[in-house]
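Can you keep this structure in mind? I'll have questions shortly.
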Amino acid sequence: MPDQPPIRSLKEGDPFAGILLAQEAAFKTSAKGSEYLELKLSDASGDLKGFLWDLRAVEGPLEPIQADAFLWVKGAASSYNGRLQLRLDKVRFVPDGDVADVARFFPVSARPVPEMLAELDDRLAGVADPWIRRLLTALFREDEDLRRAFATAPAAKSMHHVYLGGLLEHTLSILGMAARACDHYPELNRDLVTAGVLLHDVGKTAELSYQRGFGYTDAGNLLGHISIEAEWINREVGKIPGFPEELRLQILHIVLSHHGRLEFGSPVLPKTPEALLVHYLDDLDGKLEVMFRALREEGAGAWSPYNRALDRMIYRTRWPRAESVQK
Amino acid sequence: MPDQPPIRSLKEGDPFAGILLAQEAAFKTSAKGSEYLELKLSDASGDLKGFLWDLRAVEGPLEPIQADAFLWVKGAASSYNGRLQLRLDKVRFVPDGDVADVARFFPVSARPVPEMLAELDDRLAGVADPWIRRLLTALFREDEDLRRAFATAPAAKSMHHVYLGGLLEHTLSILGMAARACDHYPELNRDLVTAGVLLHDVGKTAELSYQRGFGYTDAGNLLGHISIEAEWINREVGKIPGFPEELRLQILHIVLSHHGRLEFGSPVLPKTPEALLVHYLDDLDGKLEVMFRALREEGAGAWSPYNRALDRMIYRTRWPRAESVQK
Amino acid sequence: MPDQPPIRSLKEGDPFAGILLAQEAAFKTSAKGSEYLELKLSDASGDLKGFLWDLRAVEGPLEPIQADAFLWVKGAASSYNGRLQLRLDKVRFVPDGDVADVARFFPVSARPVPEMLAELDDRLAGVADPWIRRLLTALFREDEDLRRAFATAPAAKSMHHVYLGGLLEHTLSILGMAARACDHYPELNRDLVTAGVLLHDVGKTAELSYQRGFGYTDAGNLLGHISIEAEWINREVGKIPGFPEELRLQILHIVLSHHGRLEFGSPVLPKTPEALLVHYLDDLDGKLEVMFRALREEGAGAWSPYNRALDRMIYRTRWPRAESVQK
Amino acid sequence: MPDQPPIRSLKEGDPFAGILLAQEAAFKTSAKGSEYLELKLSDASGDLKGFLWDLRAVEGPLEPIQADAFLWVKGAASSYNGRLQLRLDKVRFVPDGDVADVARFFPVSARPVPEMLAELDDRLAGVADPWIRRLLTALFREDEDLRRAFATAPAAKSMHHVYLGGLLEHTLSILGMAARACDHYPELNRDLVTAGVLLHDVGKTAELSYQRGFGYTDAGNLLGHISIEAEWINREVGKIPGFPEELRLQILHIVLSHHGRLEFGSPVLPKTPEALLVHYLDDLDGKLEVMFRALREEGAGAWSPYNRALDRMIYRTRWPRAESVQK
Amino acid sequence: MPDQPPIRSLKEGDPFAGILLAQEAAFKTSAKGSEYLELKLSDASGDLKGFLWDLRAVEGPLEPIQADAFLWVKGAASSYNGRLQLRLDKVRFVPDGDVADVARFFPVSARPVPEMLAELDDRLAGVADPWIRRLLTALFREDEDLRRAFATAPAAKSMHHVYLGGLLEHTLSILGMAARACDHYPELNRDLVTAGVLLHDVGKTAELSYQRGFGYTDAGNLLGHISIEAEWINREVGKIPGFPEELRLQILHIVLSHHGRLEFGSPVLPKTPEALLVHYLDDLDGKLEVMFRALREEGAGAWSPYNRALDRMIYRTRWPRAESVQK
Amino acid sequence: MPDQPPIRSLKEGDPFAGILLAQEAAFKTSAKGSEYLELKLSDASGDLKGFLWDLRAVEGPLEPIQADAFLWVKGAASSYNGRLQLRLDKVRFVPDGDVADVARFFPVSARPVPEMLAELDDRLAGVADPWIRRLLTALFREDEDLRRAFATAPAAKSMHHVYLGGLLEHTLSILGMAARACDHYPELNRDLVTAGVLLHDVGKTAELSYQRGFGYTDAGNLLGHISIEAEWINREVGKIPGFPEELRLQILHIVLSHHGRLEFGSPVLPKTPEALLVHYLDDLDGKLEVMFRALREEGAGAWSPYNRALDRMIYRTRWPRAESVQK
């Protein structure tokens, strides 16, 4: 993949040869009975439809050519009905082991991961409460597997922040807003809020599978991320001698209640100000990300298409900002 | 009322004579058939039960002694089953006109009104967009009746910020959080958000009656505060030549959608980021106020009584804040 | 379009040449990679699928051939699998300006508009209350733009009365039933009911776009028709000196509450008999229209297909009417 | 009861002796430990609280003095806290058999029963369809027990038309509106509508108990009135040789679906225009009756108290009717 | 059909000639404009797609070749993209009368019908209560049409036990569990439970049409199976002189309430232990059947596809059973 | 307490002296201003109202006389309005330490605890799967604190099985039904079901407080019993080397999903047959217990009072069981 161009940069007529991820792969039959292969191919820059009209041009066996496989393809970009597609001459399956950097085939956060990890460490360093800092350090600094997963996972399977690094980006964004909220509402316990925000979705690293496409793991489907993170908190707390039971309850409560309502999968309602705040800021940040993404989409009219995550269309006409001296 | 002590300052055995507001007034009959008068009496500091066991001690007619009437009472504080009450010797109806400062009999915001109005004016001065500033100035500075009402009204009949000045206090608190949110999410239009926050509940000045007790006006019951404020915005916009239609739509949309869901009385869902933000911060601020109030209530255990506004009990045990140098 | 036959009158083998509205237009690719054009073409009489198998037969540019465009087409009706379609030889884009009478390409009310306007005027003339008559006259007789729009708009984007003139037809039908209900329930205020019925959906003229296909305007999506008509009523009332505030509240209340439930977009529930009546008769008339339309559809079995507006199938078997002397 | 005055006609100080129905009866204890009897006593004109302060004044045994018993009482009307009550000197149980006309102790319809029965017979005579007429005649004319019950039962246990004769009054009112609706919507089958209206609540004669107070029978609680009337229709249809199966289905469908929604106890949704109409007119008539009753209640402000049947307060201020020549 | 192989037994390349049921039949057009016939063909063993690429190979008229028709087809099994299909050379319509055993073309219960009927008779013989036994015997033994239908009908149109004999299999399975429950909870009336289980879905024999495909009859759509079976119970009870009214109410109550909630179509909630039990065991048995079927489906991963009946995916990984001596 | 009689055995006029639990305690004032003490006093046999009319008869301080305190009382049973009460001459606070056997003051299961524990051990011995047996043995045999609590706790704070030992009784009853269900549905994994049933409510021992009255602990309110038991399962599994992860997921899934719906507090839906079964049998057993209790209540009519747990009245008329030879 070193030399291959991002597919979003292709123009009509450009030749292309390189490895792409098949997000979808279907053998179809034409009306006359001839078979062809229809693909949805992606790298980190985006995706394109691809068509191979003669199956004899497949090199090697047909069977492994499936969704979630890497494929080496050769062909050219052609425009059809105003949309670019790849008309292919050759297709060949590529084992995962032969692909240098798998993550480069997925959508990723616009923020660089090292920058985000540095911000995370700053937040951890700012925690004054010794018990909370110890718990968070154990999980987010010392558990290297978790730290790596936390920096890689998307925030959701669909809905919002659906890209690698999305979980960390979403968490840091809530953390930023939460810090401002603690400045505004002095009754809040800042360190407790920090713990709640950092832990509220950490179980998604085990709930979601994101090595290929984005889906749920067995544990994710059977337990849900809230139960998974409760389990991890209990396990880490168990390793810290003398960890106060009251603090364990307060933290677990924020995590368990952060979906805000039973029908959204929280077994309890938020009953402390910190739990209430984390619920609202989490919900707000996810929904705003969806809206901002819709605003940035190209080639659009005043209204976004119907958005399933928000169950509405989004109004994209923006009232221009007035720049002023006094601000 | 100049010399009379706040009733919250009374101790067992203290005599009391002065004017109080009767929030409740009921003539009851005892098992033996004798009648007595049971009152709930309040000034701005709080309320107490009052009992007059011999109706012949009422001076003047009985009829006007009703809920929402001012009464001159004389008696003494006595303790009964751990709670203070007023055992009365004399009760007399007082016409409203004889009461110097009616507002002093109601619960009021802890923040002084002049301070809040100054903060409001600062916010108005900070609006850069000329159209938005003109609209807000017309309503909140130039319309003196509205300005006065806006500084006096409670934020709700029950639920949250139920005291004189509560509407302004609630609005300013959201405005503070909203300013922080605009720092955090730069895509937001700050002036549009300011307009939405200031206008979102302004119709409550006409929806609620708060001269005596807190209730709804006819217009409040028949139209609701959202329709009332939409009417006012349209009326003021109509007086500003050239006011942009697009801006009118954007502002009205925030106001109409700020309850967030149709079943909560918003005829449309929030479809812009600014509308979404105003909805969330409004909801959050109201609910946090309820929680903080519950935390401050005296003589309580770890759990508040069932809270109807939040449909849950609130956990009052606080995890202590760690004070630290590095923050 | 003067000489072109209504497409519903075509029979297999009939040639056709004329202007039709493209409700849908898609360039598709066949299994072998050749491109073709698939259209849904309509005039006021109905719609047909159309196919152009060779894109070289398009005269002029391809780009403007889109949904909602007028097209001149030439070809012949052919029967395929029991359904008529148009097999096309020529297709050409036609600018709107070249189309004589745009409205003739849409489904229209079965009742002639002049007849309906005459009935409207009769109803207005029958209003005894001078304030109500003045308000209604200002809107429905003197505001010629509104009168024209009111006579043209459909009653909804989908659901019921989805054709030009549908709003007026629906309004008059409710008005007829409402007059009968006022005869039956003498406690009702007849003029107030008339005002409520006439105004309850008038904002749909601005909520819906119906120049091409039927959709929502920006104002429709952002405010909803209820808020739009409340705005108009307030504006007109403001022009009538001395208009009684009590009457303004009563009328606005009917309009605001006519969806009957908060989750259907009414910010308040009907709290007067007149408001309750308007809600029920509006709902009933819309749903009956859906049922009667389903009964009239041809080529059908005992059951209509699943009807999305009513969330059920409709039973089309009719029990025959007994004609009798004594009636 | 011949000579005893209606209790609604009593004034302060009036003596009273006669038989009343005890809607409630409770032996209570005073703070000092003495026992007294508190009653809610009613005749057809209304109800009053009654107090007997000395139980030794009860003639005969105490046990039968219970809710739903008839009592002979003697005492005087006294005013307490603005409300009239009966202060009693004597109380004695009266067996049902000793009460001449039990029905005179309950609230009754304002319309005389014979007048209503005559209207019912007119409606029956107007049915042109021979099968429908035969079915309705069998039930409402020939089955004398049912006819009598139909003329006596209330329309509901609470909610609306809660008085003797209320079921017939409610049914006739719907029938009147339905006749007007059939004039307005000519597609409707008038006789089918008549059948549906007459039968839709007839099972309430067996669902409700209304000999004493208003409650549910065992069959009412276990089956509901809809299933009861379906049973009766099937039984009567079975006695009419050749009754068309299609008509049986159409009638049963109206009856089964007339609550309009599954969660209101209809096992199927209305799927014919006639079923839809009956559902709407039934619902409308019941709710209007509640509103009109609230408007007529005396001594009230602009707003009714919270009304449980409608889940709202009702606005009682009426906009005056304009009387006009041209109507 | 005597010699034709079950289509599930076909392998790639196998020739096939015989009669199959067309569950779906569509004439389609290829991109080039040629027409072909696409079928979904089934016998009791399963179904396969079938394609006839040249319509001239249809013998006889095209019109009757529709969904739900029997067709004689000739062709060969071919594998396409890993799935078997039938590539056809000849297709001919076959009138129903020419098909020997129509039922053999539908999915059927895995349990032989005679075995199930024997179990049914055993259950009937075990009923000790004479009234209940008489009622059940009249319906399930003496009414031969009903007995036959009861042994043939599916349990539902979709959802669960969707195959011929499914109703009886489902009923017997609940009966087995119910017998065990009566052993466990001795307060239950065993014979009443038996009656409730046997009758709870018997109306499905008239609600569903299952001669061809599975759908609803007119009576099914207009009345629902619950009302149908209530009707039948009343009819049979009417034929048994002296049948106790109390027992009729108890049995009807179980049947009417067995969907457990009003929104699921039961007009009353279960109010006796027997009614509650029948509701739970019915619901449980249907849902378990769905799960067990999902577990048995071949070629599957750890998770079933989304299951509409249960609104979830089903986890198919099984924890192996430990076989042990002591059990 | 050795010699004092159960209060349920008292008859009018019986003297009583002994220790009782005050479930409620209120100092009230009479109309004349004298104070008295009203108590609700209980032992395991039931509860009675108690009145002390002269507060000077209290021995020792007044303050500790509160709800949930033990009191020594002396007085006599007197009948008032058909109900027994205790008229007291002496009342004295008793410290908990002075009460021999606290549990004897609460309602208890009708089944003796040793018998229930023996049945529990039998069930444990019958588990064939070595991993499951080891897990269950660790929790229910080796953890003596848990075993004791499991044998003592009620099953709920209200709703069903609200008495000491109720949790174990409820669990064993489900276990019995579950064993029968595993006989009936052979696809079920019996040992997995056993684990699920035993663990599904075990966290209630920490969720509920039942030392005095029945309420929720802090952990119960903040986490809920489902999260508590998930925590315990994870902790015990962590102590068993090599415990299979798949089995851990399967067991946790049953526990987490056993409320069956998200809005009832389960964060995931049941997705395995075992999870589905445990949910249904748990729900059924709790509701049947409520019904059977209502049937057994004395002095009742055909209908129970409105039952909040089931949101309905329960029909208490029983159809008599037929005893027969052939069963």
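Note that the chains take the letters A, B, C, D, E and F in the order they are written out, and that residue 1 is the start of every chain.
Throughout what follows, contacts are C-beta pairs under 8 Å (C-beta built on N, C-alpha and C of every residue); 3 or more make two chains touch, one makes a residue touch a chain.
Quantities reported herein were computed from a predicted structural model and do not represent experimental measurements.
Participant: Trace the shortest chain of touching neighbours from subunit B to subunit F and give its length in steps.
Facilitator: The distance in steps between these two chains is 1.
Participant: Determine the set of chains touching subunit C that also touch subunit D.
Facilitator: The common neighbours are B, E.
Participant: Quick check on subunit E against subunit F: do more than half of the interface residue numbers occur in both copies, making it same, or fewer, making it different?
Facilitator: Copies use mostly the same positions to touch.
Participant: Return the distance between the CA-based centres of subunit A and subunit F, expressed in whole Å.
Facilitator: Between these chains, centre-to-centre, one finds 46 Å.
Participant: Give, as an integer number of Å, the spacing between the C-alpha centres of subunit E and subunit B.
Facilitator: Centre-to-centre distance between subunit B and subunit E: 62 Å.
Participant: For subunit F, jot down the residues that touch at least 2 other chains.
Facilitator: Residues 28-32, 218, 221-222, 250, 253, 271, 313, 315, 317 of subunit F each touch two or more of the other chains.
Participant: Mind giving me all the chain pairs that touch?
Facilitator: Contacting pairs: A-B, A-C, A-E, A-F, B-C, B-D, B-F, C-D, C-E, D-E, D-F, E-F.
Participant: Give every residue of subunit D touching subunit F within the complex, in rising order.
Facilitator: Touch list, subunit D to subunit F: 27-33, 35, 218, 221-222.
Participant: Mind pulling up the subunit E residues that touch subunit A in the complex?
Facilitator: Those residues of subunit E that touch subunit A are 28-32, 34, 36, 51, 53, 80-81, 302-303, 313, 315, 317.
Participant: In their complex, what parts of subunit B are in touch with subunit C?
Facilitator: 218-219, 221-224, 226-227, 230-231, 234-235, 238, 249-250, 252-253, 256, 262-268, 271
Participant: For the complex, which residues does subunit E have touching subunit F?
Facilitator: Listed in rising order, the residues are 125-126, 128-130, 132, 173, 176-177, 180-181, 183-185, 187, 189-192, 246-247, 250, 253, 269, 271-273, 276-277, 280, 283-284, 287-288, 291-292, 295, 310-315, 317-319, 321-324, 326-327.
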